[in-house]
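Just passing along the structure, written as structure tokens.
Residue numbering begins at 1 within each chain, and the chains themselves are lettered A, B, C and D in the order written.
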Amino acid sequence: MPAGHSNATPCIGIIANPVSARDIRRIVAHAGNLQIADRVNIVLGVLTAVAAMRVRRVLMMPDNGGIRAMLMRSLKREDNLHHACPEVEFLDMEPTSTVDDTFLAARMMHAAGVKAIIVLGGDGTHRAVVRECAGTPIAGLSTGTNNAFPEMRAPTVTAMAVGLYATGRLDAQQALAPNKLLEVSINEGQRQDIALVDAVISTDRYVGARALWKTESLAAIYLAFADPQAIGLSAIGGLLHPLGRREAGGLAVHLSDDPSTRKLVLRAPIAPGMVREVGVAHWEPMPAGLPFRVALQAGVVALDGEREMAFSAGDRVRITLRENAFRTVDVARCMQTAAREGLFRLSSSTPQRRPAPWQARIPSP
Amino acid sequence: MDESTRAVITPIVMPKWGLSMKEGTVMAWLVEEGADISVGAPILEVETDKIANAVEAPDPGILRRKVAQDGETLPVKALLGVMAGAGVSDADIDAYVAAYVTPVESEGEEAEAAPAYQFAEVDGLRIRYARRGTATGVPVLFLHGFGGDLDNWLFNLDAVSEQAQVIALDLPGHGQSTVRLPGAGIGALAGFVARFMEVLGIERAHLVGHSMGAAIAAQLALDDPQRVASVALIAAAGLGPEIDAGYTEDFVAASSRRELKRVLEQLFANPELVSRQMVDDVLKYKRLDGVTELLRALGRTLFSGGQQAEQPGLRLGQAGKPVLVIWGREDRIIPAHHAGAAPPGATVEVLDGAGHLVQMERANDVNRLLKQHVAQIADPGIG
Amino acid sequence: MAGKNPFPLSRDALLQCYRTMRTIREFEERLHIDFGRGDIPGFVHLYAGEEAAATGIMAHLGDGDRIASTHRGHGHCISKGVDVVQMMKEIYGRKGGACNGKGGSMHIADLGKGMMGANGIVGAGAPLACGAALAAKFRGKGEVAVSFVGDGASNQGTFLESLNLAAMWNLPAIFVVENNGYAETTSRDYAVAVDSYVDRAAGFGLPGMTVDGTDFFAVHEAAAEIIKRAREGGGPALLECKMVRFYGHFEGDAQTYRGPGELEAIRADQDCIKKFAAAVTRAEVLSAAELKAVDDEVLAVIEDAVRQAKAAPLPAAADLTTDVYVTY
Amino acid sequence: MARKISMKQAINEALDQEMTRDPTVICMGEDIVGGAGGDGEMDSWGGVLGVTKGLYAKHGDRLMDTPLSESAYIGAAVGAAACGMRPVAELMFIDFMGVCFDQIYNQAAKFRYMFGGKAETPVVIRTMVGAGFRAAAQHSQMLTPLFTHIPGLKVVCPSTPYDTKGLLIQSIRDNDPVIFCEHKNLYGFEGEVPEASYAIPFGEANVVREGRHCSIVTYGLMVHRALEAAAALAKEDVEVEIIDLRTLSPLDLDTVLDSVTKTGRLVCVDEASPRCSIAADISAQVVMRAFGALKAGIEMVTPPHVPVPFSPPLEDLYIPSGAQVADAVRKTLREGKL
């Protein structure tokens, strides 16, 4: 954990997943590719914005996917150009290029007491952060394949909102919003995990390339919320029975290809550029705290679009909706409040000094 | 009046042997200045890129002056020497030599001259042939041998065309004709020649065949007598069993200039006559797609194991045609003693110092014999 | 048991893939030892640690599908079906080796098996694979060509030009970037301006994806889709396999450039064979005993290969000048 | 005799006949179709000098325009050759080998040997060579020695339309990689060429002219310079023998040695730079194998050891002339023992 830091110098974390939007849906569908250079640009934009909000220190997750390497080169240039930038410190960890990197980074950032974590990724990345960050508020930037959870918004604006909260100019009441999630437990907590948007039961029964796109293998979908504008498996719920992320309860949708048991066939965008028909047997609300038993004997639970937990005959799989499970920075509300309170106005008598450039300290490899 | 006193000066010029000949090299004078020379006597050796041959005296007279030196290469019609009667003064000779200008072959002349070669479509095959001479009467049709082409008659066509119209063709699969056979065997080739004559509108012809071509001629005379006025067989196949299979097989197999030169040398009594150009020309033909396979097949059918499969010449008597048989005594491909099997009444000439390609090696003699042969036949076809 | 099998491969197929991975591992581990002993001349670049990539991809290829390999080619050879005895003989420079001792470790090829050769020139295989794909396109039998390159090779013009050519001609070509983190000894962080191979493909309009190259099942499923797409005329694509290299760039490389504990960590946590074994035993598709039996069998095979290689005759002087031309 | 066509037509005819004969023959190169993908005529160029004009109409997609990306498409041709095709790749100018040489000398040339005789790579790389086109230093070189130096490659450089057709057909049918060098200043040169297909075997030099005083060994455009020299020398009663090597690898040394043994004098004429050139190689071979036959020192006629200049007067000086060749012959006659 980085030394010499205190609350006097507000610090935020950035977890940028280099391999989000890199999965097999590029091959089987028409999912786009957000280039590393663009991700680094987003991070640079975020750094500039939080610097403007007086955030002096940023902890970053190191990666072997190209973001760290390119960002370090870019920060040297920023420094040469005397652009305002916070001190960027990479967490002292050896990247494994797996989701474990995100888990570990989230834990370390929590331990380091960052005020908030800005996450670059899709639903899967956000899930991984939330699972390990022990309640540290997060702000999402959608750079994934499915981005039902992170809202589409200019990263600079998100970063400014985070900056306002991190530097204490907005308090938790004003800045943060509670969120729902789904808790997945196999054999009474023997194996446990969460999903922020959807927990999908597939007959696939193995993890493989993780992403889920074969509708014929879908058995059931459990949703924390269901946005009709979303892409991904949550769209099935969103187009069947919309449910807002701030509304109470969740939604369970049971699927079936069997004409005798299915009630209707729904057309939904289950991946970018992939609109499929799925047979729906029935659906029901999920009251908070009430465990739902998964009927399927053996298969895999996909969390926020990625196959994660394989289970077989004898395993007892339960899914429970939790409310007020974690907090996100409510960017829209932050910016409105800050604007109303004139937080962005500078008095003409005291012109703002350009902050001195900070050296980006680079851990020697 | 005495020839020698007549003030006639006869130039000896570089001959034109075949249309492609542009120049020749004087190899050696065969007579000395002052020698008295009779008509047709060889005067000097000239080599072209195709072959060496002797220049013969066009008129009788005394060789008064050697103008060209040994080893000199000169254009066609260049002055090589001067013949004249004794009465002509050296001054006149000097003046004549000084005044002599080699006539250049103008483009015009070439254009006027009949095209060197023509092509005819016969039974779906494109056949190259040459036609020379304007004489009326029964024409002479030349049939080359195995692996040969109409250029085998290079030194004969022009000469014989003074006597009668001459036609020479590239047999199917030979020369520049389509690389396909009308069928295996002499009979099929003879039948094809008959069709060729039909297409060209030749009712009757004197057939002159060399080697395999001779067998074809004999076969045609037997199969289709009314098409044939007479038959001349040169180093003929079909008059006996033996043939040097080594030659036919090596000829087919040879792929490099080296190999082929050695093979072609067997065709001559004097192997030095095989020039680079001759070898290259044959190579160019042999390299055409399909030729090697075709010749191998034809060779196997006709001459496998050193045996001639067909000997139509032995039955030629039945055809009752005038027959001329010419052979080179040193023929290494088909032994000259086969000449003995010529049908009764045939004229038989075995020439010394000549091999299988006798019509090249002893062109002048062969031409003379052919002209006599054709001339002496009172052809019922006319008048 | 079949009903229990959650994987998209039969028990036998799984067992075969395990056998292949173990054969590669054992082959390389053995070379590591024998090279240390000085038994082996020249360079050897070991594939140990990367087995899942070659095996997961090659599982979808037949002899009619061609691959162009790299200097680190042993794994590709074995998984493409090249005989290990011939390979071992070749590496020992013996007659009867895959290349009669004329190629060595860096040039093992078996065109009959669709193995177009390991390659000593980094990045040179990509254009060759384009050619193989072009030939496949003309043959029209749905064959594909796979080009393997390392993260280092992805900086070569040949690789980038090949991406363009393959995209332009819509060739059934698949580019596999085996990203083991090091271009020889230089970290990709240093050597690659934008350390994403998917991005390079995107620059030419090719779809690309990244998988955990240490996860056999991830590679296998990804390769299935990419190869199927190419066979059906969907054109070229890029597959980046994030993987780990258990040994140095070549044998004799002290690997001082690695971080402390790096090797121990990857051997402990990112051993693709351990992961595979754990998955298939946990699912109770294959038993530990069955796997052990394969291990023993493989040990014997490699032992025998080494024995045969050492016993094989060295090339004769006359062999020096043969095999330069078909005809000359 | 046979009809006369230009060397350019001979190449076109050879490609056409081989593509018709063998469906595995494909052609690729920059602009060999010309206009591919544009709105204009599909076959608008047929190669930068129109050599492949008209082939697209007959053979369609077996004639492929490539991006300006030599490494990729030359490599692709090599790869396709190793997989059962007979590709003819056009490297527009031999000078461009610099950007794709690896695929030629490390891949194509070595497959057979590296793979223990188990590979065949029947690829043909057609490429323009030679100076005299005012194309300057990077489009005018005669780099034949560089390729001849590489074991595994065959190198062809014809001087007549007849040889061009026969040698190109042989190159396509040959099972080894062939570098087929076309002298851009001979494209318009006409000669008699049979319409039928034919192949001229490699490794057989052509005795263009027989002579007894001095042997001139050369290839490509220089054959014609040698002929100029021969004509001039004939007027001086000097008969030179001219040997056109036709293929530089394999090399027909026997024909060279036979000739030198006959004439006792040798002039090697090469359009390539003098150092480590074909001329230098032939000279060395003759000294090693026929020293006794030499009546005089060997002469070499080559350009100076400089890049090809642009300015016409300079380029004209650069290219060996008939006069230089004749002088070299006279020198061997002057200096030699008779």
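Convention: a residue touches a chain if its C-beta (ideal position, glycine included) is under 8 Å from a C-beta of that chain, and two chains touch if they have at least 3 such contacts.
Note that the structure is predicted; figures quoted are calculated from it, not measured.
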Neighbouring chains common to subunit A and subunit D, by label: C
Shortest contact path, subunit A to subunit B, counted in steps: 3
Contact-richer chain pair [C-D vs B-D]: C-D
Chain closest to the middle, measuring from C-alpha centroids that were averaged per chain: D
Rounded Å distance between subunit B and subunit D, as computed from the means of their C-alpha atoms: 39
Gap in Å, rounded to a whole number, between the CA centres of subunit C and subunit B: 71
Where subunit A and subunit C are represented by their mean Cα positions, the distance between them in whole Å: 35
Category of the chain touch graph - line, ring, star, complete, other: line
All touching chain pairs, where touch follows the definition stated at the start: A-C, B-D, C-D
In the complex with subunit D, residue positions of subunit B that touch it: 20, 73, 116-117, 176, 179, 255-258, 276, 284, 287-289
Complex interface listing, subunit C residues touching subunit D: 66, 68, 97-103, 107, 109-111, 116-117, 119-121, 124, 126-132, 134-136, 138-139, 145, 157-158, 161-162, 164-165, 168-169, 322-328
Subunit A-facing residues of subunit C, complex: 4, 6-8, 181, 187-190, 192-196, 198-199, 202, 207-212, 215, 217-218, 220-222, 225-226, 229, 237, 240, 242, 259, 262, 265, 269-270, 279, 283
Contact set on subunit A toward subunit C in their complex: 18-19, 22-24, 26-28, 33, 35-37, 64-66, 68-70, 73, 94, 96-98, 204-210, 298, 300, 310, 312, 365
Contacting residues of subunit D [partner subunit B, same complex]: 1-2, 162, 166, 194, 196-201, 204, 207, 210, 234, 254
